[in-house]
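See structure below.
A, B, C, D and E label the chains in the order they appear, each numbered from 1.
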Amino acid sequence: MSTEPILQARGLNKRYGRVVALDNADFDLMPNEILAVIGDNGAGKSTLIKALTGAVIPDFGEIRLNGQPIAFKSPIDARNRGIETVYQNLAVSPALSIADNLFLGREKRRDDWIGKIFRTLDRGYMQREARQKLSELGLLTIQNINQPVETLSGGQRQGVAVARAAAFGSRVVILDEPTAALGVKESRKVLELMLRLKARGLPIVLISHNMPHVFEVADRIHIHRLGKRIAVIDPKKHSMSDAVAIMTGAMAPPAAEAA
Amino acid sequence: MSTEPILQARGLNKRYGRVVALDNADFDLMPNEILAVIGDNGAGKSTLIKALTGAVIPDFGEIRLNGQPIAFKSPIDARNRGIETVYQNLAVSPALSIADNLFLGREKRRDDWIGKIFRTLDRGYMQREARQKLSELGLLTIQNINQPVETLSGGQRQGVAVARAAAFGSRVVILDEPTAALGVKESRKVLELMLRLKARGLPIVLISHNMPHVFEVADRIHIHRLGKRIAVIDPKKHSMSDAVAIMTGAMAPPAAEAA
Amino acid sequence: DEVIGLITKTETNPFFVKMREGAQAKAAELGITLQTAAGKYDGDNDGQVAAIENLIAAGAKGFAIVPSDSKAIVPTIQKARDAGLKVIVLDTPLDPMNAADATFATDNRKAGQLIGEWANKTLGDKAKDAKIVFLDLATNQPTVDYLRDQGFMQGFGIDVKDPNKYGDEDDARICTHEISQGDQEKGRTAMENALQKCPDVNVVYTINEPAAAGAWEALKAVGKDDGSVMIVSVDGGCPGVKNVQAGVIGGTSQQYPLKMAAMALEAIHTGKLPEIDPAVGFFDTGAQLVTAKPVDGVPSITVEEGLKLCWG
Amino acid sequence: MSDNASGSGSAESGLAGADQSVASFDETDVGLVRRMQGFLHQYPTSIPFIVLLVGVVIFSIAAPGKFFAPFNFSLVLQQVTIIAVLGIAQTLIILTAGIDLSVGAIMILCSVVMGRTAVVYGVPVEIAFPLGLICGIACGLVNGVIVTLLRLPPFIVTLGTWSIFGALNVWYSKSETIRSQDMQEAAPFLQWTGSLFKPYDFFSKTLGLDWTFLKGWVLTYGSIVMLLVALAVWYILNRTAFGRHVYATGDDPDAARLAGISTTKTLIGVYTLAGFICAIAAWVLIGRIGGVSPQAGQTANLDSITAVVIGGTSLFGGRGSIIGTLIGALIVGVFRNGLALSGLELLWQDFAVGVLIIVAVTIDQWIRKLSA
Amino acid sequence: MSDNASGSGSAESGLAGADQSVASFDETDVGLVRRMQGFLHQYPTSIPFIVLLVGVVIFSIAAPGKFFAPFNFSLVLQQVTIIAVLGIAQTLIILTAGIDLSVGAIMILCSVVMGRTAVVYGVPVEIAFPLGLICGIACGLVNGVIVTLLRLPPFIVTLGTWSIFGALNVWYSKSETIRSQDMQEAAPFLQWTGSLFKPYDFFSKTLGLDWTFLKGWVLTYGSIVMLLVALAVWYILNRTAFGRHVYATGDDPDAARLAGISTTKTLIGVYTLAGFICAIAAWVLIGRIGGVSPQAGQTANLDSITAVVIGGTSLFGGRGSIIGTLIGALIVGVFRNGLALSGLELLWQDFAVGVLIIVAVTIDQWIRKLSA
C-alpha cells in the first residue's frame, strides 16, 4: 500500500432532495488489486461508483486519477480514460442486438476502402467477436446473436454487460454486482475473468453482496455504511462474519483500518 | 408426495421466433412446500413461471390449479386466484412512490363515508403499512416512504417487490430470484419470511442461483435445463454439487427422479 | 395615441398580407397606431375572438376584420361595439350583414358570376357539352367557397338548386368537385385526381389563384397545357394577372384588398362612413374581370389594366 | 479460494446484533436557499407557476397600463378556458403515454349535437344537453375500445377518429353555423358558460362585503366550470385508486399489468372520461362564441398538447399534473395576449411567441435542476 | 440450515465436466405457414407492404379501370413524394424519441430561400440552391442545439422554432408567390425535380431495350430523389456507427450515455441531418408546384408524423425503419387517391380515410402477432 492509488476520492457528497446518498465518502483503488466494495442495500455503493465514473456529478468532493484531480462530466470522459464500468442497471439498449450492444460506442469499421469512405461497419467481425465473448462467459444458451437484448433472460443480459466491460477496460474495470443474476457456472466464469484481468495488470473494483465471492477474489475490502466508507479490511485478516458485522453496524470498525 | 399438486403443468411449450424457451416443460408444486427451481441462465425458468401466472400465454401445454385446468389470460387472473408473484424484472412502477407500488391494484379506501362516496384512498394507512413491511425486510436505509421507486437502490427496489408479494399472497407465492440484489442481512430476512409464509400453510416457488439458500429452505428442487424439467431432487438426499452437475449437464439426472 | 385594429383570416395568404400593407401605409399617413392580428388558419374563429378582445383591452378606437366564420363572430363583434368600438367588416360579410357598422367587400357571388359568364360565352356553342372541374376550398363550404362556386354556375348557366350549397346539382357538365384548400400543392393533387375522373375536362373553376397555379402544373404534366383546357379563378393578385397574360388562366375576377383596408381605416379614423346602397347592404369595393380575350356582354379590363391594379 | 470463504452461513453469523436504526442525517444546513430548494423539490408544480409570474411581470412592463389590469386578466382567463379544459382531457390521455388527436373534433361534434339538436330540431335543452354529453362519452369510448382491444397506437386511432368525427360533424351540422340570437331564444342554458360572474357584486349581495379590490374582476361561468373540472380530475388522479392506475399504466404498462392492474379497464376509463370532458369543453365553447361554429377548433389538438407539455407533463406518460396543464395553458395565453397588446408587428409576434415558449420551458428546467 | 449447505464452493464442485454444447432445437416443423411466419418475423417491414398491397387490391376493385393503371400509380407516387421525404427526416427524429413540429416550416422557408434568392434577387442558382440547403442545415442545427444544450423536450423546441421559422418565412418571402414561368426563366434547375423520367424511353434510348411493359410508367426526378434519400438514410441507420447510436439514443438515452455514447452529438447530428433533408424536400416541393408558395405545406407536420407511425415506427423511439415510412406515406396516398377516384361524396371520403387508417394498422398488428 505504499504506492500511489490509481483512483482516489476524498469527501464525496451527493444528496437527492432530502436523501443523502454519499456523506463525505472516501475511496482508494491501488494498482493491480481487486478491491471489493460491500455494504447494506442503499448504503451508497452504486452512487459512489457513479460519482467516480462521471455518471453522477457529486455535490462536492475530490477525485483523482493517477494522482491528477479529475472532474468527469459524463461516463464518456471516464471511458476515454480507460475506465470501464458495468452499472448495476446494466446500461444496455433493449432494442439493439447483442452484438450491437457489445460494440456500442466503439463500433468496428470495415478495414477496406469501403469502410474508409462510407464508414461501413464490419458486422461480420462484430458478430463473431460477440459470440466468442459470450461463450467465454459460459452463456451457451444464447441461440441467436442478433436477438435484441430485451428478449434475453436476466442472466444473459448481465452477461452481455460484463462481457463488454471486460473486453474494453484498459485502465480500471468497475463491476457493480456483476454476478447478481448469474447462475453458478456463469458466476464462476466471471470470477475467473476478473482474475485473468488482474493478471493482465488491471485493477478491478467489485461491488457484491456475495461474501464467498468477495473473500475469494478481493485483495482489500472497502466497507460502506450510511453513505461513507467506514473501514477497509484485509480479507486475510478478517472473517466474513467480521465484515458483515462491520457493514451492518453490529461491530465497530477496526481502529487501524477505519477510514 | 401422495397428495395432489396445488399447481401443475404438463408439456408447456413456448417459442419466440427461432428461440425455444419452453420445450415440453412439466411442473408440480405440492401443498405447503417450498419448491426451488434451479437452472442455467436462459434455461427457461422465468418463462416457466410467467407461463404459470398468465404473464405469457404458452403455445400449448396444460396447467392445473388444484386439479382444475386453468388458462390465465393475464397476471390479474392469477392474482385473483391467490397466486402472487415477484417477477425477475420486478414489475414496479418507477415513477410511483414505494407505498403506491406496494398497494398497486389493491389500494385501501378510507373506511368512513367519504371513502364510500368519493372512493378516497386511505393514504395514511398505506404509508404506515408500507414502512412497516419494509422494516420487516430489514430495508432500514429507506429514508422517505414517498420517494419514487426509481430513486431507490437496486436492492431496495427488489425489497419493495418482495414485500408486496409476501403481503398479499393467499394461495401460492412465486419468487423469481428474490434475493439477487439483496445484501446479506436483507437476504436473510427474505429467507426467514419464506419460512414464515410456509408456516402459515402457503406453498412457495423459489427460483434462485444461490445454492446455499436453495438447499437451506427448499423441500424439493426442480432442475430445469434447456427448456424442460430434467429432474426433481430431494435436497436431503443430494448434495449441492450433484444439483449443479445435473443442472449443467455434467451428470445424468437420477433415473427415479427424472421427470 | 389612437389605436386601430386589423384582423385577417390568416397571416400567409398574400391577399391578407397586402391588405395589411395597405392598412399600414394608411396608418402611417393618418399618424395612428395599427394593431394587427390574424387567425391561425382559414376558419379560425376563436383566434379572431381573442384578437377582438385584445383590441378592446388595448382601448382601440375600432377595427377592420375579415371574419373567418361570418356567423359565429357576431356576438363578439356586438361586444366590441357595445364597448364603443367601430367595426368594419372586409371581404366576407357577416351574417346578418348589419351586425357591423359597415361592410367593404368584393361581391363574391358576382365575382364568380363574372368568370362563369365569361367562360360560357368564350366557349360559345361548345358550352353546352362542356366538362367542368371545380377546385373548391374545403369540405365544410365556408361562405366565400359556395358564393364563388355557385356564382360561377349561375354565370355559366347551370341550375344551382340550393344557391348556398354546392354538390346538389345534377347538370351533366359538372364532372367533379375537389378540395384544394386554396393551396398550390393541394390544388395540383386535386387536379390530378380530377383528371383521372374527367380526362376530357375543358373548364376548370378554381377558388383562388394559388389553386389555379397548382391545377396548371397538373395539366402541364399530362400535356394539357395546349389551350384545350380553360382555367378561371378569383383574386387578381399580381402573379395571377401575369398568369392571365401567360395564358395559364383564362379569366380571373380581381378583388381590391388594399382599397378595402385603406377605406376602412379612413372611415374608422374620421368616423365618416361612405354612402352605402341599401339594396346591396354593403360597400362593394368592386370585382373586375381580367382577361386577355374579352367577350361581348361581359365587362372586363385588360391585362395591362389588371397589372396596374394588382396586389402582391 | 481464500480460506475465509466457508459459505454464506459463516458470513451471516456477523449479523447478530446488527444495527437496527434507520439511517438519518443531520439537517443542519437550513438556510433560505436550501429551504426554497426543498419547497420546489416537494412542490414541483410551483415551478411553472413561477415562470407564469415572470411572464406577467415582463408584459406588465412591456405593455404598460394595458396588460396589468383586472379586465385584461379576466380576458386572458376567458381566452384560455377552452384549451385548458381540453388540456385536462389531454393530460389524462398523455399520462397513460397516449395522445389524443381527436379532442378538438369531439368538442366540435358535441357542440353541434347540443346546439343543433336544441335549436334546429327544437328538442328541449334538457335532452339536447345530456345528448351532447353522451356524444362525448361515446366518442371517448370508441377511442378507448379501439386503443385497447385492437392494441393500436393511440396516435393512429385518434388520427383516424379525428377524420371520422370530423366527417360526422360535417354531416350532422350540414356545415351550418348557429347564430347566437337563435341560440339565446331556443337554448339559453347552453350559453350560460359565457355569462359573467362578478365576484364583487356576488360578495356584496350575498355576504354584504364591500371588497373594493375585487371591483373590475370578472369571470365567466365557463372559467368556473374549468376550475371545477380541474379540481375533480386532480382529485381522481391523486386521491383514488383509478388515478394511481392511470399513472402506473403510463409509467410502465408491462409492469402495471404484471402488478395486477387491468390496463385495459384503466385506458377505456381514461378515454371515456376524456371524451366526457371534451363535451364539457363543447359547452364552454358554445358559451364563448354564443352559438355553434362547425369549423372551430382545428388547432385545438396541438394547442391542448402544448398546454400539457408546457405544464411539465411528459409525453412518455406516467409523470405530470393537472395544475401544470392549467398553468401551461395560461402561460401561452399570457404570451399571446401580452404580445398582442405590445403593439409588435404580427410577424414578430409569432417570432416572439416561439422564442418565449422555449425560454419559458428553459427557465422551468433550470429551476428544476437547481432544486433537484 | 440444511446440512448440505456448505458454501458456494461445494456447490461448484459439481461444475466439473459441465456440458459445453450450445442449446439447439430441432427445426422439423417447416411447413409453409411456419416458413411464412419465419419470413415475416425476420423481415417485419414486409408487413406494412402487405397492407399496402391489400389497399391496392381493394381500390382496384372499388374504382375499376381508373385506379389500377401505371399512370395512376405514378401519380400516387408523385403525390406522396414530399410527405415521404419529410417523413424520412421525421423518422430520424422520432427514432431518437423526439418529434419535429418544424419540418413543414423548414421546408417552406428553404423553398422560399432557394426560389426568392434566385428569382427575385437574381442570385445565380449555383449559389441560391446551396443557400437553401444551408438554410435547412442551419434550422436543423438550431433545433438540435436547443434540444441538447438546454435539455428541453423536442416537442416544445420545435413548436417554438415552428413559429420562429414561420415568421422568418413571412419576413423573407413578404408572402409573395413565385410563378412557375418566372422560375423557369430564372432558375429552371429548381424545377428539375418536377420533370418526368420515362423508364421506357430511357432504356430504349440508352440500352436499346424495347421493354414495352414499362410503357405508361413515368416518374418525376423528385421521386427518384426521394428514393435516393431513403437509400442513403437507410444506409446510415443500418450500416454505420452513427445509425446504431441513433437507435440506442432513442431506445434508452440513459443506457446509451452510460454505455459511452455521446447522445448530445448524436442528437445534434440527427436534427441537422433532418434539417438538410427538409431542404431537399423544399427542392422537391418547388418541382411539384413549379414555383414557390409561402403558404404551402401547412399540414405537412402531421402528415409526415402519420407516415412514420403508420410505417411502424414507435413514437417512443428506438424502433422503426425508413422503408416503413415510405410505405406508410404510400398507404395514406393510396387511400386518398383511391377514395377520390371512387366517386364517394367528400364528406364520406374523410370518414373512409379515418376508418381505413385504423383498419390498415389493425391488419398490420394482426399479422405481426401471428408471426411473433
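One rule holds in what follows: contacts are C-beta pairs under 8 Å (C-beta built on N, C-alpha and C of every residue); 3 or more make two chains touch, one makes a residue touch a chain.
Predicted model only: the values in this text are computed from it and were never measured.
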Any chain that touches subunit C and subunit A: D, E
Farthest CA centroid from subunit B: chain C
Would you identify the chain whose Cα-based centre sits farthest away from the centre of subunit D? A
Whole-angstrom distance, CA centroid of subunit B to CA centroid of subunit D, is 40
When centres are defined as mean Cα positions, the distance from subunit A to subunit B in whole Å is 28
Chain centre separation in whole Å, for subunit C relative to subunit B (CA means): 72
Suppose each chain is reduced to the average of its Cα coordinates; what separation in Å results between subunit D and subunit E? 32
What are the residue numbers in subunit A that touch two or more other chains? 16-18, 20, 42, 89, 140-143, 184-185, 210-212, 226, 244, 247-248
Which parts of subunit E, given as residue numbers and ranges, touch two or more other chains? 1, 5-12, 14-15, 18, 21, 23, 166, 170, 347, 350
In subunit C, the residues touching two or more other chains are 11, 41, 139
Which two-chain combinations qualify as touching? A-B, A-D, A-E, B-D, B-E, C-D, C-E, D-E
Touching residues (chain side subunit B, partner subunit A) in the complex: 16-20, 39-43, 45-46, 88-89, 139-144, 147, 151-156, 159, 177, 180-187, 209, 211, 226, 244, 247-248
Subunit D residues touching subunit B in their complex are 7-9, 11-12, 14-15, 18, 20-24, 235, 239-242, 244-245, 247-248, 251-252, 254-262, 318-319
Touching subunit B in the complex: which residues of subunit E? 1-2, 4-8, 10-19, 21, 23, 25, 27, 38, 41-42, 372
For subunit E, which residues count as touching subunit D in their complex? 1, 5-10, 97, 99, 101, 146, 150-153, 155-157, 159-164, 166-168, 170-171, 302, 305-306, 309-310, 314-316, 347-348, 350-351, 353-355, 357-358, 361-362, 365
Going by the contact rule at the top, pick out the subunit E residues touching subunit C in the complex. 66, 72, 75, 78-79, 82, 166, 169-170, 174-182, 194, 196, 285, 288-291, 293-298, 337, 340-341, 343, 345-347, 350
